[in-house]
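Have a look at this one.
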Amino acid sequence: MNDTIRFESISKCYTTPARGDVWALRDLSLSCASGQLTCVVGPSGCGKTTLLRLAAGIESPTRGRVLVEGQPVTGPPDGIALVSQEGDLLPWRRVLENVALGLEIRGVSQRRRGRRARDMLRRVHLPAAVERSYAHELSGGMRQRVGLARALCADPRVLLMDEPFASLDEPTRHDLQRELLDLWAGGDGQTILFVTHSIEEAVFLADRVVVMTFARTVADIPVRIPRPRDRLSQTFVDALLQVREAFTAHADESA
Amino acid sequence: MKPNRLTIRVALGAIVPLAVLLVWHLASARSVVVPSVASVVGVLAHPFREPPSLDATSLAGGALVSILRVACGFALAALTAIPVGLLVGRCRTAMHLLSPTVAGAMVISPVAWMPVAIIVFGLSSPATALCGDEAWRWGLLDQIRFAIIAVIWLGSFFPIVLNTAAGAAGVRDAHIEAARVLGASGRQVLTKVVLPSAAPSIMTGLRVGGGIAWRVIIVAEIFPGTRGGLGYMITTAHEQASYEYAFASIIVIGAIGLALDGLLRLAALRAGRWQVKER
Amino acid sequence: MRTSGSTHLATALAFGAIALAITGGCRSETRPDASDDQVKTIRVGHVGHDHHLALYVAALEGNRFARDYGIALREIKLKEVYDLVEGDTVRARLRLIKVGGGSRMPAAMSRGEIEVGLGGIPAVVKFADNGQPFKIISPLQTDGDMLVMQKESPVTDWPSFVAAARATGRPLKIGYKAPVAVAKLVFERALVAEGIAYGYDASDTQTRVVLVNFGSEKSPIPLMETRAIDGFVMNQPGVAVAVDKGLGKVVAQLRDLPPKGKWVDHPCCCVSATEATLAEHPEAVKALLKVLILSSELINADQDLAIDCASRWTKYSKDVERASVPTIRYVNEPTASWLAGMKTWAEMTREIKLFKGRYAEATPDEFVSDMLSLDLCRQAADELRQKGLLKRP
């Protein structure tokens, strides 16, 4: 089985001063096949961000284990990149330097990484003038593009995306979704784990939609519609309804 | 024709200094202790001349010695305090271990340590450490007394630690994680995320520390064994009643202090450029 | 992130400063000197004003000393380094260090920063009393202490001062330099002899004379100008400086204070050394004492030269030195008068219970024989006399 990401019976517990022990994930198992775009959908606070953080190696599970490319995750694994909701651009660096960060960490020469970074900025459709700007000078949409460029510039084999387009307006969101798909199609077949609270976004993007409710998965729905997908087509709507049904069926359990 | 804005600004800024000058001039006419404006200007106009009525080096020589001492003490403080501050900011154990001491030591005037410094270091300097009895050949290097450096270090060290720690503690986890996920080692996280993120706070600490260092040097130089420095000049001028040198030294001290603060403020602005408009 | 331009600039400045420090001050102008491998360096602490003129005259008049006496200080670096040369032999390399007055000198000696110190006797003895292995090896000077009053004060001499102190009304405020300053101690004993109550607290109604400490580094001038004090007791050249600035008049020399005759030739500064230095370098110390003896003679013989040297070294004006130097008695031999003065002084300190350690119970004779180590000084004087270099019998 060609599983790039495997979550094996993971549970994650946080101890908070206010509410005591909180289980973000309970005995959850999930696999993501290589080269696939898997979307995890769920309400806010259901643990989907935790899932990504475990895969990224910046947190470890209370129980169970996470494997990326067959190796247990003990720290940030090789070949992954994370795109988060706020972009997390380093504010003291200009855009070009942010994008090139991954290559810089790896010791790539300044000229080569500058070239690659510019190339990446082009591919996310950002004008060349942007490269000398600071993060705070950019709009939300541009920041997310830069975040995406930074992640892709590092040449990851696994891309983890945590609601990256949630704070954007709808037209921008749709733009970026299309760009993501284009980049993915034009790349080397990265495995993408995409977390969102928008069912519609999940259906638009994913090969497979995993529905989560609090601390666990409740449905695993393949979406076999060929891309580019038409939001108004019947197949799309059917898939949407299917996911939504799975969603609402278990929504009551959230309490 | 209305005077333009620049002229008005300059005029306004000049009012207080001119008033001070006037009061000074009037006071000097009826006082022995207050030297005449002309005599002080005379001293300032010849900064490289060895004073005919004061057992000290020239004004410029004294300034150089004081600046060198402050530079050494302050550089030492920065080099030691920044790592300590980073540690305290990022590691809880270190924080619990060191915070009370740092906070407590910071309120003690560094000059209070001077007698202790004298006992520990005496008249030793890098020159005496290097070549013992022949140290006198190494003019300036022999003037940089360890006791004085120690006192300056004590003055600048703690504010730099405190501000660095605050900056280090304030580094956003998201930034650190972003770098780690991209494969950054611990050292790379430090150099590429923690340090630049904390840089504005560090610069604030350096500015505070730098100001203290310069203020301390004047008092520290009152202590014995040295024939150089602006503080020594002021003390000796009082002793020998050559007050124009005291006044001239004070003016030079103020000017250098201003320049130093200006430099540090500029550096702070550059380091914090990215912070300015962050919403 | 590329290293920014400002970081490069800062680094360059830092290296520049270090390079400047190392090269800018080193290898300053010096004359070629004798081989300095085996010659021992002796560090001599001094105060920098004309009480220690004997040393400065010798330092400035090296050529004359070499020509006339065959023993001299040869300048290596002005005011700082001199070779002590006797005949053809370099006895020692002297490092002159301006350590300051009062207790600064014995403090430096106790820290091992100087081997020989010129300075006030009370402070040296205080340190010895606390257990430091110091010995007084030679007198340096006596007198040179005055009582100065405000210019318009009705006081013109000691009797009128006593009268003014006894008069009712507010007490007289007299400034002093340091708690164990010779001038202050003598003045206090004089007040006691006159039966005048003195103290440090201005609110005490019994006190007729209030003593005000103006600190050893500061001068009495600011307090005199603001009329915060009515006068002060102090050593030269502080007295001459104040008078020169028009801020006071000398009303009495402390040597004339009662009990009559007791304070004549009262010892002020001495030459002291650690026991270790005396044991390890007797020849060098003796040579230094010879130089000082000759220097005192020269000062007494040629006051103009002395005043000129004083002004050149201390940078006090010639007018100030002209008023100051003649009032100081430069003595580098333990004359009978000086020894008597030391005994008197020892008596006085016993009366006021100044010493709590080694000399707490000592009689003046015991004190003198323990604290003073005058053999080298006497030998130095004898050897000079044999060569016919000393005019005084």
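Note that the chains are named A, B and C in the order they appear, and that numbering of residues resets to 1 at the start of each chain.
Here is the rule we go by: a residue touches a chain if its C-beta (ideal position, glycine included) is under 8 Å from a C-beta of that chain, and two chains touch if they have at least 3 such contacts.
The structure displayed is predicted, hence computed values, not measured ones.
Using the mean of the Cα atoms as each chain's centre, the chain most removed from chain B is A. Chain B has the C-alpha centroid lying closest to the overall centroid of all protein C-alpha atoms shown.
If you compare A-B with B-C, the chain pair joined by more contacting C-beta pairs is B-C. Rounded to whole angstrom units, the spacing between the C-alpha centres of chain A and chain C is 83. The distance from the centre of chain A to the centre of chain B, each centre being the mean of the chain's C-alpha atoms, comes to 50 Å. Between chain B and chain C the centroid-to-centroid distance comes to 35 Å (mean Cα coordinates, whole Å). The set of chain B residues touching two or more other chains comprises 192, 196.
Taken residue by residue, chain A touches two or more other chains at 92-93, whereas all remaining positions touch fewer. Across the assembly, chain C contributes residues 1 that each touch 2 or more other chains.
Touching chain C in their complex are the following residues of chain B: 31-33, 51-56, 68, 71, 75, 118-119, 122-123, 133-134, 136-144, 192, 196, 222, 224-225, 227, 235, 238-241, 267, 270.
Those residues of chain B whose C-beta lies close enough to touch chain A in the complex are 174-175, 177-184, 188, 192-193, 196-197, 199, 273-275, 277-279.
By the touch criterion given at the top, residues 1, 4, 6, 10, 14, 17, 20-22, 24-28, 30, 36, 41, 48, 77, 79-81, 93, 95, 97-100, 104, 107-108, 111-113, 217-219, 221-222, 225, 241-242, 244-247, 313-317 of chain C touch chain B in their complex. Taken in their complex, chain A has these residues touching chain B: 56-58, 75-76, 78, 80-82, 84, 86, 88, 90-93, 101-102, 104-106, 134-137, 150, 154.
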